[in-house]
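Look for chain A in each of the two complexes below; its partner is chain B in the first and chain C in the second.
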Partner chain A sequence: MADKDIALMAHLMRRAGFGATYEELEARVANGYEATVEELLNPESQPAIERDVLMRYQPQWVSQAGLEGQQEEWTFRMINTKRPLEEKIALFWHQIFCTGHAKCEYPKQQQIEFDMFRTMGMGNFEHLLMGLATDPAMVFYLDNCMSHKDAINENWGRELLELFSMGVGMDGHANYSEDDVKECARAFTGWTVTNSVPRYPYGKYEAAFIYDPADHDDGEKTFLGETGNFNGEDIVSIIAKQPGTARFVARHLYNFFVADEPQVPAWQNTPPRDPEAIKMLEDEYYRSNYNIGSMLSVLFNSDFFKNARFTKVKSPTETVVSTMRLVGDFDMPKPGMNAMTLTIRYMGQDLLNPPTVEGWHTGREWIDSGTLVERINFTADAVGNTSHRGVQNIINRLASEGETISPERLVDGCLEMLGAYELAEVTRTELVDLARNEGELRTGTEEFGQRVGQMLQSIVATTEYLFA
Partner chain B sequence: MTTIQPMRIPYVQLQYSHTIGRGEQFGPGFSYPIHMARGEDDLMYVLCRSSEYRPEGTRIAVCTVDEEYVNAFARGVPQQGPHEYNFDDGSLVWPVTVAIASNGNVYVSDEWLNRISIFTRDGDYVGKWEEKVGSGDGELDRPAGLAIDADDNVYVVDSMNHRVQKFTPDGKFISKFGTHGDGDGEFNMPWGISIDKHGSIFIADWRNDRIQKFNSDGQFLMKFGSSGSGEGEFNRPTDVAVDNDGIIYVADWLNNRLQVFDDRGNFVGLKTGDATVSKWGKDKLDANPEMWGERERAQGLEREKDFWAPSGVEVDDDGNVFVCEGPRNRIQVYRKQSPTFMGPRL
Partner chain C sequence: MTSTKKDPVLVVLQLSGGNDALNTLIPYSDPLYLDNRPNVRIEPERVLQINDQIGFNPAMGPIKRLYDEGKVAVIQGIGYPNPSRSHFRSMDIWHTCEPDKVGDEGWLGRALKDLDPQKENVLTGVNFGRGLPRALVAPGVPVASVGNLETYGVLTGIEIEEQRSKALDVFSRVYSPMIGQGPVLDYFAQTGLDALEGADILSTAPSMYSSTVEYGGDVVAQYMRNIAQVHLAGLGTRVLYTTAPYNSFDTHAGEIANHTRLWTEASNAVADFHDDLKEHDAGDNVITLVFTEFGRRVHDNGSGTDHGSGGVAFVIGDAVKGGLYGEYPSLEENKLLEGDLHFNNDFRSLYSALLEKWMGLDAKPIVNGAFEQMDFI
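Right after this comes the complex of A and B.
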């Protein structure tokens, strides 16, 4: 099995999922790259997570009433799912189509939205936008329930254009005008939600989307150059066919799955990092009738993707989830779920609760002096724990290579096991020196496991390991 | 010719009585009441599971059937550090079932600690069985249901060993029955247990979606139920209770209902919930009067009646049937109506 095949598979699994153990990478390489992409794009081919068992041991995952519990539930899913891209695409859309707990205050309502991302997130983009426009959490979060035919609230109409579909502009020009925002908001009047049952005494109940024709502005509107008595679904159809939408979706997919782009507000005047790649994705958007899965298929099978290793800073969620998958911890519910999940928040990503509707700034903005320390401490703590199944597998695998191994092999072997990571030569040399200074590496000793753990800790503390 | 069919009413009739509870971590109220047991007089011992992030709500709340709060005891375990806990005696992590012995002592099973803890009726800690984790005789792997027979022997549903074990009150192994599988007398992650007045043992065979009945020696007697959502079918039944007339009540967890069966396991009826605002609930709403207004405006308030994931069912000698609904922080109480004709006239 060629090292380059493992390295490529590790890259795919980091991006389309949350990483994989070396054993899983070997199995997937044996299946082939294209077959793996196909499997990831068709999550229903793999078994769903067994929620009954989870809910038995974590009953708060039934009620979905508390932010912490719902963060735990999603994190657990991401760690243990056999359908990694299903969860990754839900995370992708959550980072774009933001709703926040600080306002919604009912995680189950957001969970319903995430289930929509899971089922529709790789389908037709126009349908997904319709799902979003009728999602009670979003209708409430962006105040469309407060938008009336005699007094529009532009919040949803504006963010639909600016943050959810087209972006403010591209190639130096604006994609829409202020009048388009107002007309868009008018078209969505009457799209509202039911009044909710208060929290006391028995907890909340999920709200439902309702359309109130009496509160809908049925007058003529002109939107993006088209005129008619538009309702919300007409607006979504017009949006879906805009070149700005194709560009926006393509850049977001590229930014999330391929390589860090500038932050979204800069996209009007900052050209894509790889214009040819974006053009390929835009073309597929139209060719496939706005199908996200088809765009992802093009993306994962492209050279621009395959050549983009370690060009993205891992998000806090990716950092924690991939570490747990690697070491094999939390493969069943157990105490400590809450503390483990909270580290994602401490690293700067409070799932279900983004700082604003704009979501989190990504790429290098994930890292500051505080979050960096949190990241390194968490990952080093996990990979240095030689009682974890995944760490033991790494130790055993390296130990099987002979009675002793060289310092160079310890470093390179650990890098392979972590997912074919690569270090700058100066860093690698320092780690080799470190291993050499600690003395001979005899694999049959208890000390060997500790030294492997220490080497893994040193590697996850490098700059290179911040990247995926 | 039209044939007139006589109207048939099942001979087992449950009439909704009242609801007890509201969401609270302290004082009057519950936090995920997973199970309960009836104590002496009018007392109820309600096992509140709560969650890891609200360990202060993990406790046994004591109240009366008329919803008078008495006290609370036992406690959840806050995390001390990244991998540090203090699982002191008397603490609860994943408590599942509560049962009461003839002397009033309160037994609690804990699936995480693999521990059976014992408290007095007033909540003072008595002790625990020695934790022996494993699959040998007397060893436990995630103890779930608990039931105490007329001789104060304790039956423990040893869920991950897929069996039931019988112990003396102080935890000495007596016997066992059951193994992993889906045949007669086999289990798949069983949960709840009940012993009827004849000493027969009923087990909620959770992942086999059925109820099994055994004699007191653990010999298989009968089974009923299969996977599904129709009458007499189950979706992960969590608990079973049997009243003095032999009527069997099953908490049909993921079907969100209570099902009722006769002593041969024939389906008799079901309830999907009838909750009303409890006494404690009314107090809470009176203290937050804007919520009365919100309730008046709320669409779909009728959903408040419905069971949501009922996990515990208990009966008492007064004909009360208690259904614990963790996610709604409440217990719905029904009364069984007597089939004996009592009226002076038709």
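Right after this comes the complex of A and C.
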């Protein structure tokens, strides 16, 4: 099996999923790259997480609504799903279409929202925006329930344009005006949620979206140059066809799946890192009638994607989940879920609870001296634990190569097993020297496992390993 | 006092979750207090009186002692206009001094940049706890974030000391060459080396420390002890920050029992810390700020209190002019703000005084504007 096929598959699985063990990579390479992309894009071809198993072991994930329980539930799903892109796309939309636990009447409303991201997240973007506009979590989070025909609240109207569909501008010009924001907000008056049921004595209840025609401003509106008695769905369909929307969606997909872009507020004036790639994605947006899955198919099969290995800094969620998948820990619910999940928060990403509606700053901004230490120590502890099944597998595979292996082979073998990582030459030389100085590597000894564990620890502590 | 002037140091204790101001600084003689708190109240006879109107929660004996020594400024009715009752948003506002838009730079991050513009000391700011509070975040400002001072460091999971030291040696040798390899790698390498250097220096602090003061076993006490250890080690640290456990002061239910425990722990920790510094003759250049993101509803909910506004903060230290600052917000119904105490002191006035009068910095660019400075220093 060619190394480059493994390397490419490892890249695909890091980006379209949460990484894969070497065994999974081999199986997927045998199936072929295009076939793997197809499978990922069609999650229903694989079994879903068994919710009743979760219910049995962790009823609080399902029946209660605390922040940490919900974070555990989602992290567990990401670690164990056989539909990695389904969870990845939900994470993608959660990082853009932010709602926050801190402002959620009934916190499970966010889980309901994430289910929408799972089912609609790779479909038609216009439908997804409609899903978002009628999502009780979002309606409440951005105060659209407080927007009335004689007293509009612009919060949702503005963020729909600025953060969820077009962005403030592109190619140096603005995508919409302040008047467009107001007209947009007017069109969404009457888009509200059912009255909340008092929490006591029966506990919290799901909210439902309702449209209240009596509170809707049905006057004429002019939005992005078009005039009519627009309602919310008209606004969404006008938005969906804008070049700014094609650009925004393309750039977000590129930033999340391909390579780190500047932070979103800079997009009006900072051109894309790879304008041709963005153009391909924009063209597919229109060709496919706004289909996200089609754009992803183009993306994953493109050269710009295949050549973009290690150009993205892993998010805290990606770091923790991919490490657990690699070492094979938490493949069943067990004690310690809470501590493991909290590490994601300590690394700077409090899932379900983004710092603001703008979400998290990504790329290099994930790293500061506190989060870096959390990241390195967590990852090193996991890969250095030779009792983990995944670490055992790595040790056994390397041990099967002969009675002894060379220091170079130890380093290169560990890099392969971690997903075909690559190190700067100076880094690799240091690690080879470290292995050499520790003496001959006899694979039949008990010490060999420790040596492999130590090498894995040194690799995951490098700057190179911060990237995916 | 030593002959050379010591640099001023600021210690911050964040009471996460929204401390109930009404049951902290209690207007015990106001009938409206008793009316509004049929269930969640401190009986007037138990209050540690400051005057014939207000007093401390009975769990705050140690802080009352410091108050009687003239070392505690009590800032009443502190808050900001249009208060947010979201923990996260309100804490963000306190952290960033940006009440209208979402800011990403913390006030102390900016202060650290001014205190150490050349980044000569990677330990100018140190946080105790896991995860860096936004107050300390600013681009290019290294801040160590210490979960456990005794075991803090890079690759601490490697148990065999010899192996760990080899791994750390390799770590520094593979990070150094990344400097200059483009802006992102350069930043990562510098951050990694800063973390390593900070951990190296910090690891010396506990062994240099001895004290007769016995701190409690709770998290706040242990972190205040760590802060004393780092301060006494003379590492040049100017801002030391810690937080009570995540949302612990969010007393929606079972408030009386929980709040009593929380304040017993917090006030013991703060007083032990100041006693510890005094024992080492090292307290004259330290001020401690104790704050929370908001106060709680005036009317109780049966067993606790819900999110409110106007809160109370404390500034503690030898250099502080003790006493009550500002007015106690009125509990009269027509003076409440949506059922909450109305703030009458802006937290940015408090920050401005700490920054200018204590730390010697220009406060305006840090707190985003000119605010009247309180005169507790």
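Methods note: the second predicted complex is superposed on the first by the 461 of 468 C-alpha atoms of A that agree within 3 Å, B and C clash if a C-alpha of one lies under 4 Å from a C-alpha of the other, contacts with A are read in each partner's own complex, and residues count from 1 in each chain.
Please note the rule applied: contacts are C-beta pairs under 8 Å (C-beta built on N, C-alpha and C of every residue); 3 or more make two chains touch, one makes a residue touch a chain.
Keep in mind the model is a prediction, meaning the values are calculated, not measured.
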item	value
First, second, both or neither for A:T356, with chain B first and chain C second	second
First, second, both or neither for A:G100, with chain B first and chain C second	second
Chain B versus chain C as contact partner of A:A424, first or second or both or neither	second
Chain B versus chain C as contact partner of A:T194, first or second or both or neither	first
Contacts of A:G370 with chain B and chain C, given as first, second, both or neither	second
Partner chain(s) touched by A:S458 [first = chain B, second = chain C, both, neither]	second
Which of chain B and chain C A:D381 touches, first, second, both or neither	both
Common interface residues of chain A - those touching chain B in one complex and chain C in the other	381
Of chain C, residues touching chain A in the complex	86-89, 92, 102, 104, 122, 127, 130-132, 134, 137, 142-145, 147, 153-158, 163, 166-167, 170-171, 173-175, 177-178, 181, 184-185, 187-189, 191-192, 194-195, 198-199
Contacting residues of chain B [partner chain A, same complex]	21-23, 32, 34, 49-54, 77, 79, 82-83, 85, 93-94, 111-112, 189, 191, 206-207, 236, 254, 275, 277-278, 280-282, 284-285, 288, 291, 294-295, 297-301, 303-304, 308-309, 311, 326-330
Chain A to chain C touching residues, read off their complex	100, 102-103, 313, 342, 345-346, 348, 353, 355-358, 361, 363-364, 367-374, 376-377, 380-381, 384, 424, 426-427, 430-431, 434, 454, 457-458, 461-463, 466
Touching residues on chain A, where the partner in the complex is chain B	52-53, 55-60, 62-63, 65-66, 68-69, 72, 194-203, 205, 208, 334-339, 381
